[in-house]
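This report refers to the structure that appears directly beneath it.
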Amino acid sequence: MAARLGDNSYGKSRVRLFRVTRDGERHDVSDLTVDVAFDGRFEAVHLEGDNAAVLPTDTMRNTVYALAKQHPVEPVESFARTLVEHFLAHSAEAEQVRIRIAKHGWARIATGGEPHPHSFVRASGERRMAYVSGDREAVRYEAGVEEVEVLKTTRSAFEGYIKDEYTTLPETKDRIFATVVSARWGYEREPEDFDAAFERVRAALLDTFAAHDSKSVQQTLFAMGAAALEAVPEVSEIRLSLPNRHHLLFDIGRFGLENKNEVFVPTTEPYGLIEATIVRDD
Amino acid sequence: MAARLGDNSYGKSRVRLFRVTRDGERHDVSDLTVDVAFDGRFEAVHLEGDNAAVLPTDTMRNTVYALAKQHPVEPVESFARTLVEHFLAHSAEAEQVRIRIAKHGWARIATGGEPHPHSFVRASGERRMAYVSGDREAVRYEAGVEEVEVLKTTRSAFEGYIKDEYTTLPETKDRIFATVVSARWGYEREPEDFDAAFERVRAALLDTFAAHDSKSVQQTLFAMGAAALEAVPEVSEIRLSLPNRHHLLFDIGRFGLENKNEVFVPTTEPYGLIEATIVRDD
Amino acid sequence: MAARLGDNSYGKSRVRLFRVTRDGERHDVSDLTVDVAFDGRFEAVHLEGDNAAVLPTDTMRNTVYALAKQHPVEPVESFARTLVEHFLAHSAEAEQVRIRIAKHGWARIATGGEPHPHSFVRASGERRMAYVSGDREAVRYEAGVEEVEVLKTTRSAFEGYIKDEYTTLPETKDRIFATVVSARWGYEREPEDFDAAFERVRAALLDTFAAHDSKSVQQTLFAMGAAALEAVPEVSEIRLSLPNRHHLLFDIGRFGLENKNEVFVPTTEPYGLIEATIVRDD
Amino acid sequence: MAARLGDNSYGKSRVRLFRVTRDGERHDVSDLTVDVAFDGRFEAVHLEGDNAAVLPTDTMRNTVYALAKQHPVEPVESFARTLVEHFLAHSAEAEQVRIRIAKHGWARIATGGEPHPHSFVRASGERRMAYVSGDREAVRYEAGVEEVEVLKTTRSAFEGYIKDEYTTLPETKDRIFATVVSARWGYEREPEDFDAAFERVRAALLDTFAAHDSKSVQQTLFAMGAAALEAVPEVSEIRLSLPNRHHLLFDIGRFGLENKNEVFVPTTEPYGLIEATIVRDD
């Protein structure tokens, strides 16, 4: 028997970077988690234990901090590109470098009605994501958002589905729709302003979720994706992952009480999981 | 040898309750996690396996949902009191009933600049807490907040401490101060409006954190606690727990670069932990 | 602009199933987490809100429990196949059904030196995985293991790598090698005994990790994968993901003490991440 | 209004220590998480920002590593005592020093039927705990165990409890009893061998859980605690916390199937929580 090396990569994950930018009394902060990965010609490393082609992951980490001093870290897509180009120049055997950045949100504390110049409170658990990969030909940009928890208390139905011997779910014209949006989209060309493009996609997703008259998670997912494509012409496709965080009506009828869609048990498992890619089709 | 029963309690933890209140098109939501605990005369249960004095924890759960239909669930302190009184009436052997409620925040999605009537996005990881306990004499109220992540990028020093053979920390006049506030306070009498009292304590904590010229976590903690006592006269004491989420300067001097308090590594472990109770002392 | 539906799937995730099998006084337990996903022709659901093709995820959940009564749940690959075949028969529009099962380990409590017939203690955080997918032509089997935490205190070196302006890592002939193995492998044909095949792959991975004289994580990864292919002829390829859980020498030299590879700080972030697929190549 | 400082403490939490001890080819490992806390006269720190009495938490961390080089780290109670004594000698204002150590388990990998001399696999999620506190008069020892997941598939009943208008739970003579044991016990005098004492308490807890004919979680809890007191005469009292991880019978009767205690849904929330202290009473 012989074994050969197939797809392979290596890198450094979860490099935590906190960057302060000072403009007099006013400070801005960037709280990022950076992942670096190299794909390439690393057979000798795996098969012979020859490390001559290896840029250590410890050096990758150092590089993130060193470049964060010398280059802007926002928009995160630009910083990711800086990293891609640096690493391609410093590893002859890396064929592709992939950078993933998660940006954690901080809002200014409001004191006396004014946003504070240097004090911050965690905004939410949401993370803005950037995925930038490059080889010696081109750089590709994707962006995304994770952990956007949303819910609506009406305008969500689910009817007309298959019934079989194991069906117990009653049809409903009015249920809670709660989900945790993960989205990832590709730019077919670089938008003028990555921050503005991100905000427009995020707003399109949330506005559509809020306004949509939902017949299923699938239908709302498609509408959200289509709205994102509509909002930013540079987006070529978007993948959405919507776990259905079921809110179950608690049966208080047993106690002679009527539950008019008022008292629910929020659950985290099991959950429905709806995923799809919506593609621009001009 | 003989063994006897000392302190004991039983109850139901993590009862997840989602309550929708409808006012025409406009809906309000309360997302709560309720814990119920009974302290009492339960020797026969433990020693003889005699369950005659046991109100099952499953019944406690059912009761939370049934009472959430029949009574307002906000302010959470009032709902907790409703539960305390119900359970004292339904368990002859419970000497004390303790209710703990965590309230999870949801904000309205803004669509077209307007807060949406029935669509919500998760506000942050913060939890408002209520701890209400009662016996056949009285009801006691405590409140709190958990997981309030805050940081300031300046106005925090740490100097003048003990040096010994294992000291390596350099003194500093300017460091990042990042923490995750947990606070719990007692009301010596019932405030007129529990929601307003909560908001005033929370604002006092954050305002003071933002504005304080910190010589140590301890000093800022005391100032925060004193401000909370100042803000709400019904608060008799407040306990604060402030983990010091160290943000370490990354050593880029090795690369010929100067780190002017710009590039940091945020860490989660180990962490300093500063805890104290601040007591009203009129 | 027009948008079209690309890749899409839906299903139920994290269906928790605990199955007891009784043989007189002796009981066996299967503690499983089951995920179900359908890929198929679901355009009408997404675009028109027509649910006629949808078998609800609630029904998927019910089906897992109903079939767990009627069929053996171990080996988990067989139970997964049972689910695949059932769901293909109950959803005309599903082109492919994918089942993922995680098996959580329980060991018998030893009392008086004997394994107890019906009392169990959690074995470890490891999860045995099965991934079975099928369409109307064929069923494909993959298996895996997750969260296998291992470490060795010697026989791991890292030398001869690229040095650049951001290199600070010293070369070493002797370091701690700690990782959390995730592996996933495909069977090109069904092995006679899925349980035995799993145990042989797992043993090959651990034995090789323990015995290998490591020049890099990459080299050990390849050796582990090759050993797995050697151990079970039905395995066609195996993907390994090895996070490098760095154990850093703590610098006690500052205190006049010598650290002879004795005192370490285990870290969880950042971590090196080495991933590769090893392919049979006869 | 005036505010004064009440109870207060400070220290370093989650100091991760990995200690290798070499005996030729055979290595032993100790994987510990250490928490240090000082209680004392720290009014000037809090009120005046005067740090003269503060031994920095960074120095506490350094000290843990430095002392781990110079002293045995096992039994963990002895290492904790070493730390207590060191810190009392290095902080004039600390009135009490408290050390908490969690020990994470590693087992030797078995290769060719033999335990490997230097390669290890994570044993389970269990943690052995030590809590040692001291002032200038005395040192006090407590020990414990956390995250011991156990279950039994029979010999657990629950009957004869209070019924009220919100009762729906059916009485049962035979249910699954699953819990995650947390225990903490005090030694009224130092046992000869802390490791042996720990093992005897742990074995008493598990043996009793396995063998007990349970009429309630409370009754089994008491029996477990009494057995622990019986097993180790130096133990003066033990506190047990037993969450009831309910395994719900899945209702397959709706599908014409009979569930003879075979098919369950394991749940994690809500959970019953039973806590008590069992005290030696000679």
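Going by the order they are written in, the chains are A, B, C and D; count residues from 1 in each one.
Keep this in mind: a contact is a pair of C-beta atoms (placed from the backbone, for glycine too) under 8 Å apart; a residue touches a chain by one contact, two chains touch by 3 or more.
Everything numeric here is computed off the predicted structure, so don't read it as measured data.
Common neighbours of chain B and chain C, by the contact definition above: A, D.
Most remote chain with respect to chain A, judged by CA-atom centres, is D. Rounded to whole angstrom, the centroid-to-centroid distance between chain A and chain B, based on C-alpha atoms, equals 29 Å. Taking each chain's centre as the mean of its C-alpha atoms, chain B lies 24 Å from chain D. Here the spacing of chain A and chain D, counted between their Cα centres, is 37 Å. Residue positions of chain C touching 2 or more other chains, listed in rising order: 16, 62, 66, 166, 168, 255.
Contact topology of the protein chains: fully connected, every pair of chains touching.
Chain contact summary for the complex, chain B toward chain D: residues 1-16, 35, 37, 42, 45-59, 61-63, 66, 90-91, 158-162, 164, 166-169, 214-219, 221-222, 225-226, 229-230, 237, 239, 243-244, 269-282. Those residues of chain D that touch chain C in the shared complex are 16-22, 27, 29, 31, 62, 65-66, 68-70, 106, 109, 111-112, 116, 118-125, 148-155, 176, 206-207, 209-211, 247, 250, 252, 255, 257, 259, 261-267. Touching chain B in their complex are the following residues of chain C: 165-166, 168, 254-255.
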